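By written order: A, B and C. Residues from 1 in each chain.
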Amino acid sequence: MDFTTPSGQNPIDRLKIVGRPVTRIDGPLKVTGTAPYAYERHDVIPNQAYGYVVGATIAKGRIVRIDTGAAKAASGVIGVITTLEYKPAAPPQRQTANLFGGAEVAHYHQAVALVVAKTFEEARAAAHLVKVDYQAAPGKYDLAGEASGAKPSADPNEGQDAEIFDRVGDFDAAFAAAPVKLDETYTTPCETHAMMEPHASIAAWNGDKLTVWTSSQMINWAKAGLAKTLGIPAENVRVQSPFIGGGFGGKLYLRADALLAALGAKAVGQPVKVTLQRPLIINNGTHRSATIQRIRLGAAPDGRLTTIGHVSVSGNLPGGMPEPAVGQTKLLYAAPNREIYLKLAALDLGEANDMRAPGEAPGLMALEMAMDEMAEKLGIDPVEFRILNDTQTDPRDPQRRFSERHLVECLRTGADRFGWSRRNGTPGAIRDGKWIVGMGMAAGLRLNLLMPSAARIRLDRDGRLTVETDMTDIGTGAYTILAQTAAEMMGVPVEAVTVILGDSASPVSAGSGGQWGANTSTSGLYAACLKLRGAVSARLGLNAEDAEFADGKVRSGNRSIPLAEAAKDGPLTGEDGIRFGDLDKRYVQASFAAQFAEVGVDSFTGEVRVRRMLAVVDAGRVLNPVTARSQVIGAMTMGVGAALMEALAIDMRHGCFVNHDLGGYEVPVHADIPHQDVIFLDHPDAISSPMKAKGIGEIGLCGVAAAVANAVYNATGVRVRDYPITLEKHLAKLPRIA
Amino acid sequence: MNTPDWELSRREFVVGAAASSVIVATPFLGPAHAAGGTPPHAAVPMMKVTMEVNGSPRSVTLDPRTSLLDTLREHLRLTGTKKGCDHGHCGACTVLVNGTRINACLSLAVMHEGDKVTTVEGIGTPDALHPMQAAFIKHDGFQCGYCTPGQICSAVAVLKEIEKGVPSHVTEDLAAPMRLSNPELRERMSGNICRCGAYSNIAAAITEVAGA
Amino acid sequence: MIPFTYEKADSPAAAVAAVTATPGAKFIAGGTNLLDLMKFQIETPTHLVDIRDLPLTTINDTGDGGLRIGALVTNTELASHPRVKRDYGVLSRAIVAGATGQIRNKASVGGNLLQRNRCPYFYNTDLPCNKRVPGSGCSALGGISRSLAVIGTSESCIAQNPGDMAVALTVLDAMVETIDAAGRTRTIAIADFFRLPGDTPETEFALQPGELITSVTLPPPLGGTHHYHKVRDRASYAFAIVSVAAVLNKDGTGRVAFGSVAPKPWRIKAAEAVLPAGPAAVVSTAFKEAKPREDNAFKILLAERTLALVIAKGSA
């Protein structure tokens, strides 16, 4: 179906099942270890050999030769393939780095060989015997050093042809004239997804047909990517990912595990399974680029912003895209004079690409700290300052309204529920034993992106429904909300629905990315359900227009027939998808959040520990409050990491991320995370989709780190503009110990 | 990072790299290699190991290098126990050995002859959930599910460790009886990383089971 | 991990004989650090002698009021022992500040003493490291060194000893008992057990090849209040940036050692002597010879402030 006008009343609005706190239908599998992840598919194909990846030990240069003699002679080795035996793989769409093939090394730990052996132990040992000679070349690894030469670059969210500069009014004159102003630079570091399941794939060939069991957020992108890199028709590729152990953007794209498993399986003539060993993932895969962001705010003494300037520099491999860290600044606050744009520097670190809330996450780390600073300069409460500068229209185009925007309600509700009135605006005023206690808040905005999504639903003789779509559940709850959608549309309990995900043989979905998955995949299923309802009505001789599907029955006029009756002569299928028109052009569609945090800073050591957190989220209709809440608390946890500990440390001599494992790259543990509260506002968005939902998976991260950072400032009085806020950045400036 | 010292060292490295441009990979492995020692790649003698896994005796003949984790996952095909890092940095591989939780990735299978190993599959099944598993579902104590088996094995063990008087980093009084509190629970569970960030819900699940 | 053969030993004498008989052999107990390093081929034993059946698993009174701790006692068992909790609180607290419940359940006392350093360059076999390959160079010099040592270093190595338990054992004046290849036993004071890198950073411990730790003894209890404070970025499951182990007396005297600041637990008697004068005096004495890097110089201030915290708690 084409979705071109705002949705009216529809069967979802009954909210008998959608919107209810249904526990995950895949929960019993996950808690018992019986949900199968990519590397665990012993059942799918016999005779799987083990591949182990060899990564480049230099960051830039050429491979002179590779000696595989010792590796091939080692116990258990079936075969070794090297990058020199293949032409460089053409990067799939939206990707930059060459995954394998050719002599050029473009980044550290780029895959240069795969050793295939009978056992994992033999493959790992033999991988250490592959000898590679390199001709190293100097590279560029320091974003700060390259920033002055960075080039203005279009926002990838707006397309390559989009206007680079968002300029409204006369920024320079207005900023110069602003009675109160701020001009500060904020930095965010490179970050890594650190999902718990490493990239993993099993590949098997049957003639020229390839099947890959992998861990991918986007089945169709994996399929297309494999076809392109292998130079085979897409219809010859089958990809399956029923369970994915986290992704956060790191598994949006084809990675070396899948490509090398396929190449290795071809070379040795048997199925091959490959996981990227954890210490390889960070440099071999993609990461979120560091940013250097200059923000200039000007305001009238009453607190109304007159100017907003935001320029963000990020880095990537030549040909890559920038981290779109200014997107939210274009939309979050009103101000008549604006200058906002991105710059991109070429670096020779690994590929920078999407990580959860790409752009908004680091962008809000800067913008919302600047807003906190500006509120203090103006002597206005930070919550009130944001409310004062709210906008209901696109600041670039006053005719373009937001579909639904309830940021002010988020802010007011949050302030009330968090006890914001107890905050003391003077830093360092609140003590609790050795702890200095501070409160902080931030606003968040994340675009509601829309992607076409298709599904198929089948009604069987026994009345059961089976949903098939190549949608993935990366922990988001997709299995459950799709079951709820089918159950609501067809008038059956959730238990009557089977959901089959992550198979490229199924209709192509939106996949899991950009927080579009829940809204668009359920909308695609909604369209398929309408088709099935039509087929059921026709089979039963009912009027599809007024047929009501409820309680396992179909009612029309004075007739009421069990749904299963429709399939008594054979299954009925409905297949369709949702295709979005231009409602996202005519309206700004976005989710909103207000984030609140209270921290304690150890007055002796400077350690920061989070004490309380609250998010108030405006994301349209909440399809399932259980899984939606989990998305938000998980994002809040990631935000604590971004604020306080997460940073890839770059060795500027060797061009590598030094802390390339889960020991060196610290993410929050249980002890770091207090109880978290989440409040969802109830504002269904009929302009977004027939489900009236919007994205939740990323808005939960937007503003979190700034809220924590602002709380740290409120505790210490030391403004650290360089994330993460580790203790040495404020230790020397903390109050003297009595 | 832009100190004069640093700039100097970078220039030196770049010049150095260009001057002696051929670098041989992996010359920095451990002593046997550095000494050009034992040719390490002859077939190794296999070893038979017998363990009791989830209540059943299991015998398997293994390369001695095989970790307990890979023995479970690759040989016994008990894939509920997860490999998140293989280096003791995440806790996804947590299993119970003779009732005590350990990281299966940091243990050789040959060191577990005669041991009783309990994996998540031995804690409960989809049709017969352990109360901890049921509580994880009820409180949504997971998202992607990959760390979940390790979290559940740890959670079950943590309650026993408190009973046995094992202290933790946040225990105020070492001499007093151990009690489960929210800070105790969070500290003791900290060896199980959840990147999806289900911690708050996991704490709710464990608290419910502990109170029952 | 290179191939190796494996055997179990049933007595300390048999264990040392087995390791001595096979070039490239190593003892294994908990294995939590050794196996990690073997996976990277940083450690490359060709033969493993499993010592877990040795009768070194008990904690006994020494007769003079002290304790003898078998080398195979797990970290959890040691931290949970009633006498350790009562009389050697600094040790119990240091142990539970380290690693995780899972690792402490497996790691042995002897193995904990022998854990290698956590310099990120030691762990990266693509880059030079004098500990891993003597003479290859130190990548940490001029590299990322925030976590590394600020004192006791040399031009060949700036790695820190990352342990927690060892810092507590250092303030307690523990003794390490060993047996060597010839069956001789000896006792090494904890202060002499860890070596500074000098020109031979590859040798981290005062053990001879084939020498086995059999036990660790603690002198009679010191009394006083016991403290172990560990500072780190995240609240748990992380190595210390700085830690302080202290036993403090009411009169302001006491003992103090610092962790994660040096290649060994850093206890300077002259610094300890000025404890009554306060943390600044202690730290300025203890770190007089410090040669920090730009990115870890903060550790000295942090050590002072952490000691101030410990003293504040001790006098509370």
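Here is the rule we go by: a residue touches a chain if its C-beta (ideal position, glycine included) is under 8 Å from a C-beta of that chain, and two chains touch if they have at least 3 such contacts.
According to UniProt, the chain labels map to these proteins: A, C = Xanthine dehydrogenase; B = Aldehyde oxidoreductase iron-sulfur-binding subunit PaoA.
Keep in mind it's a predicted model, so treat the numbers as computed, not measured.
J.: Relative to chain A, which chain's C-alpha centre is the most remote?
T.: Centre of mass proxy via C-alpha means gives C as farthest from chain A.
J.: With respect to inter-chain C-beta contacts, which pair, A-C or A-B, contains the greater number?
T.: Most C-beta pairs in contact, of the two: A-B.
J.: Where the CA atoms of chain A average out and where those of chain B average out, how many Å apart are those spots?
T.: Centre-to-centre distance between chain A and chain B: 26 Å.
J.: Find the geometric centre of each of chain A and chain C from their Cα atoms only, then give the gap between the two centres in Å, rounded to an integer.
T.: Between these chains, centre-to-centre, one finds 41 Å.
J.: Mind pulling the residue numbers of chain B that touch at least two other chains?
T.: If we look for residues of chain B contacting two or more partner chains, we find 6, 9, 25-26, 29, 33, 40-42, 44, 63, 65, 86-88, 186-187, 190-191, 193.
J.: Touching at least two other chains at once: which residues of chain C meet that condition?
T.: 1-3, 39, 41, 126-127, 142, 235-237
J.: If you look at chain A, which of its residues touch at least two other chains?
T.: 57, 75, 121, 125, 128, 279, 653, 663, 667-671
J.: Spell out the residues on chain A that touch chain B in their complex, using ranges where they run on.
T.: Interface residues on the chain A side: 23-24, 26-37, 39-40, 42, 56-58, 61, 64, 70, 73-76, 119-122, 125-126, 128-138, 142, 144-145, 193-198, 243-248, 275, 277-279, 474-477, 626-627, 629-631, 633-638, 652-653, 661-663, 667-671, 673-676.
J.: Which residues of chain C touch chain A once you look at their complex with the stated criterion?
T.: Against chain A, the touching part of chain C is residues 1-3, 39-41, 118, 120-121, 123-124, 126-127, 139, 142-144, 146, 229, 231-238, 241, 298, 301-302, 305-306, 308-309, 312.
J.: Chain A touches which residues of chain B in the complex?
T.: Residues in contact with chain A: 1-2, 6, 9-10, 13-14, 17-18, 21-26, 29, 33, 40-44, 63, 65-66, 70, 73-74, 77-90, 92, 119-121, 123-126, 129, 133-134, 136-138, 140, 142-149, 152, 170, 182-183, 185-187, 189-203.
J.: Which residues of chain B touch chain C once you look at their complex with the stated criterion?
T.: These residues of chain B touch chain C: 3, 5-6, 9, 25-34, 37-38, 40-42, 44-45, 47, 63-65, 67, 86-88, 91, 94, 100-103, 106-108, 110-111, 154, 157-158, 161, 164-169, 171, 174-175, 186-188, 190-191, 193.
J.: Touching residues of chain A toward chain C in the complex: what are they?
T.: The contact residues of chain A facing chain C are 57, 75, 121, 124-125, 128, 279, 434, 602, 604-607, 609, 644-645, 649-651, 653-654, 656, 658-660, 663-664, 666-672, 726-728, 731-732, 737.
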